[in-house]
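Here it is, the structure, as structure tokens.
Naming follows writing order (A, B, C, D, E and F), and every chain is counted from residue 1.
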Amino acid sequence: MAGKPAQPNDNGARKDFMEPEDYFMAAAVLSARRSRDPSTQVGACIVNQDKKVVAVGYNKMPNGCEDHMPWSRSKGEDAAAAVWANGGDLTVATAAKVAAAAAETKLDTKYIYVCHAVLNAIMDKNSADVKGCSIYVTLFPSNECAKLIIEAGMKEVVYLCDKYHGSLETQAAKRMFKQAKIPCREFLPKETEVVLKLKST
Amino acid sequence: MAGKPAQPNDNGARKDFMEPEDYFMAAAVLSARRSRDPSTQVGACIVNQDKKVVAVGYNKMPNGCEDHMPWSRSKGEDAAAAVWANGGDLTVATAAKVAAAAAETKLDTKYIYVCHAVLNAIMDKNSADVKGCSIYVTLFPSNECAKLIIEAGMKEVVYLCDKYHGSLETQAAKRMFKQAKIPCREFLPKETEVVLKLKST
Amino acid sequence: MAGKPAQPNDNGARKDFMEPEDYFMAAAVLSARRSRDPSTQVGACIVNQDKKVVAVGYNKMPNGCEDHMPWSRSKGEDAAAAVWANGGDLTVATAAKVAAAAAETKLDTKYIYVCHAVLNAIMDKNSADVKGCSIYVTLFPSNECAKLIIEAGMKEVVYLCDKYHGSLETQAAKRMFKQAKIPCREFLPKETEVVLKLKST
Amino acid sequence: MAGKPAQPNDNGARKDFMEPEDYFMAAAVLSARRSRDPSTQVGACIVNQDKKVVAVGYNKMPNGCEDHMPWSRSKGEDAAAAVWANGGDLTVATAAKVAAAAAETKLDTKYIYVCHAVLNAIMDKNSADVKGCSIYVTLFPSNECAKLIIEAGMKEVVYLCDKYHGSLETQAAKRMFKQAKIPCREFLPKETEVVLKLKST
Amino acid sequence: MAGKPAQPNDNGARKDFMEPEDYFMAAAVLSARRSRDPSTQVGACIVNQDKKVVAVGYNKMPNGCEDHMPWSRSKGEDAAAAVWANGGDLTVATAAKVAAAAAETKLDTKYIYVCHAVLNAIMDKNSADVKGCSIYVTLFPSNECAKLIIEAGMKEVVYLCDKYHGSLETQAAKRMFKQAKIPCREFLPKETEVVLKLKST
Amino acid sequence: MAGKPAQPNDNGARKDFMEPEDYFMAAAVLSARRSRDPSTQVGACIVNQDKKVVAVGYNKMPNGCEDHMPWSRSKGEDAAAAVWANGGDLTVATAAKVAAAAAETKLDTKYIYVCHAVLNAIMDKNSADVKGCSIYVTLFPSNECAKLIIEAGMKEVVYLCDKYHGSLETQAAKRMFKQAKIPCREFLPKETEVVLKLKST
């Protein structure tokens, strides 16, 4: 602020405080840091119409299942793909075996157990409901999360990253948001990095 | 009651009133009747520790999507299976085509959009939370519903039917309920049919 | 649905799902089934402005009094009427005796103890309040229930049956609803009977 | 306090502050002052387990009916009694006429319309429920109020006055409180009169 | 009412019931009576938009501190003033000593510990929030109370007395209320004294 | 994790997720960043017994006063000190002038208007109350904040910094916490710095 001539009605307030939008996304990013997912940590932050945070969440295993459910990503589809890639021709009998193996394998991947950040935020909210709220997410919501956002009556989705835009889950989510007339917009930060000191100075 | 000798302390009360357990499952069955799913109507009823119903739900498309999302069940897997059944040998190239077709097809089935009864009940509840509640369901919960039940802190699942016990979704749900130490029990009705007259007599 | 040509934009949804109004009254009728009243089982269902059920109720003895309070209907007035019917002339002294007997008898009838369905629904509600709600009742509310409905700020009464329209209680209720500008309408069902199966198929 | 030797640990606090019990009953008495009942103004005050007032109430006509419902006390019974007192013998025909007149008259008395203080307090409460609360009333509750107190799950009744102890309503109330194991105790004030100045000094 | 000709539509209601505004301020005055402050007992009463009391409060020591914190009013400033009044010239060294003594003394006065009536009312409220409420206070709020009233989103202040209008605290409060556009008005009672009998008659 | 031999029962979870305590204090530090106070940004985070964040807050001017109230720190005491430092002897008359000037000046400092982080957190909470909660603060609470923490029934204070431990406000706060038996403990971080990226990668 030094060197800047005082404005009319300048009351001496700090000019470099964090803006609400940045704060909400930062709260989602901070929440993501709690996730034990070895590949992608995702965070969500729900904000009501009075601009108050009413919930945060991150991707996690269901309560009580933290130490037992697998975090493995190797989908049966990948297994099958590998077989196909190695093999030449594939008989119907082989294909059936691959499918069975894939189904069995799925029970040992994270995908079938993990609670996404949006689910966690909605289930952990402190307000009676989240109707009319905005949700800030570090990753575009999946179809499962989109259902929850729509059924909860939220009015807006703000996302930091949409790297899986080609996936089935993202495409289905977008189709539902469009039908339910819930606008989705990309987050545009004022600050691109926030450093928090947790040590007394 | 006529002809039945009076009990000691008999205060003249009706003896054939509906028992609470029957009532809770009947409420789930009644709620299921609201579903537009052409194949299976599923219902759920959440009951708190004071034995009050705090939520009911049924399987449905997300709000605003009722008239647009497909209720078709034809999974890509089925399509693929059909191809395999017809064909003899299957080259890797063919298999890849089948997989792509399957993925595209999935966007046109109900599975990726439908909100299950448990999800609907939890999102429509009238209490602040459903911690410590029991849930009565007409069909054993899927893995997606199990996540919600566990994260919500419910303490018991009572189910009417478990016909998909062999499915991946049901197996994964049972694995999570076991880890989270949430008991699941089959419903044993006192009455097997309830007839409700909606006409003034 | 078979034989019915597909509509434009037909998404394959079931057409014979239960309509909301039918569902609300069916919920009241189902709740009535829990009553131990040997003569008339009455039910009520309170629905908020988002079309969610926030409470149900039925006529019952107060909590803790279920096994002790009498369900007898023989009003002192009836006793007196019987005396008069038998007798010829009635002296003032006799009339006084009849009145005293009637008063004593009243303490042994259900009327002075029973909690009506509306009272039970309001006291058992799961929402903070029932302001602006509609109430679905299987029997037109009595004056005691009308007071509660009005004081609770409900906005509409939907009734299945009005068989006691000539009674003092019903007349007084109607007078109050009129003053308080709360519309009362008779229920017109789409379906006249609902059968619920409580057995796994 | 002047002239009184300081106590050990005396922190200079005022000694003549109002005790909680006196305050709760005074709040009931103050609330009673709002009643438009020309004969008896009754008040109630509901106190939760943290000793906070969660509701007050007074006897009143239902909302919207204040200017139209009669406050007359002349019961049909009184009318009948008058006839009997005047008359000598009473034929059955005459008795029937008296009964009919009485019924008609009842529609013009306050008894059938008035909301008692307990009802008003419960319906106007600011907490989600009044479970486990105590209720302070200026007059022993009637049977209608007893039902509400019991169904609401309150745990204690404290009353200032029990002048209608011989009435049917009070007797029925006591019978219910006894069955529901809700203790009723007479209020014993520390101060017998409280004067409130509403003028700035 | 005697001697007063009946009005058209007169339903016999009492005419001398207490008006809402008088009731709200009387509730604040009654609450003030609970204070142990030896000099000034202050009361507050918060009323929501439905004209229901949602909180009352009075000035008090924090919970658990009632018997230990001092109620003394002798401010360090007073001590210093006394020194100055006695002394002639005051050297800088003396002034420093006086200031130090004053700071130490402050730890033994009530001012630094006491919870004002507004703080107590807001912290003890029974509603989820007090947004849009009016607050009735027996004394114009201090700056600390003004912050709470504004942050709570209340919409109006009604005060009985403004005897410290010249103080720093009151001036700062008025400046904030003006900026926050919260109107403050003096209370004009209909009745100037209310007598409450706490004894059964 | 690479290179670390798998633990028995290792389910592949990330080991470097953020611990709850670090998360709560980081949330307080993040919230502090919203403050417009030019000298010290303070943050607070309230956590309930289920380890959910129910409120956050930072130091700010009351709503509606943000652009008008002064953020100046120059206390009247400082002004006076300056006078004394410059002067030699100080007459009573001079001292009186200094005191008056100081009082006037106080109306132009932030101290009399600013809402501390604890106040802001408590007033902005999303839960019905904060009874039994812990509060994480970046700076040891002042006496004004201590009153709020105690009256709200919180059970623990965790602070990052106590740099004003010698001040009157901090000393008074500690005296109250001790009487109210509310433990205060210094925060010991696992991580000392958290970097949040607000840009999609």
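Everything that follows uses one rule, which is that contacts are C-beta pairs under 8 Å (C-beta built on N, C-alpha and C of every residue); 3 or more make two chains touch, one makes a residue touch a chain.
All values derive from a computational prediction rather than experimental measurement.
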Minimum number of chain-to-chain touching steps separating chain A from chain E = 2
Hey, what chains does chain D share as contacts with chain F?
-> E
D-E versus A-B: which has more C-beta pairs touching?
-> D-E
Where chain B and chain C are represented by their mean Cα positions, the distance between them in whole Å | 30
Where chain B and chain E are represented by their mean Cα positions, the distance between them in whole Å | 56
Between chain B and chain F, the Cα-mean centres are separated in Å by 48
Per-residue multi-chain contacts in chain D, two or more chains = 68-69, 124
Contacting residues of chain A [partner chain F, same complex] = 1, 9, 11-14, 17-18, 20, 22-23, 25-27, 29-31, 33-38, 41, 48, 52-54, 56, 66-72, 124-127, 160-163, 186-187, 189, 191-201
Per the touch rule above, chain A residues touching chain B in the complex are 62-65, 68-69, 77, 84-85, 87-92, 95-96, 99, 103, 106-107, 112-113, 115, 119-120, 122-124, 128, 143-144, 146-148, 150-153, 168-169, 171-172, 175-176, 179-181
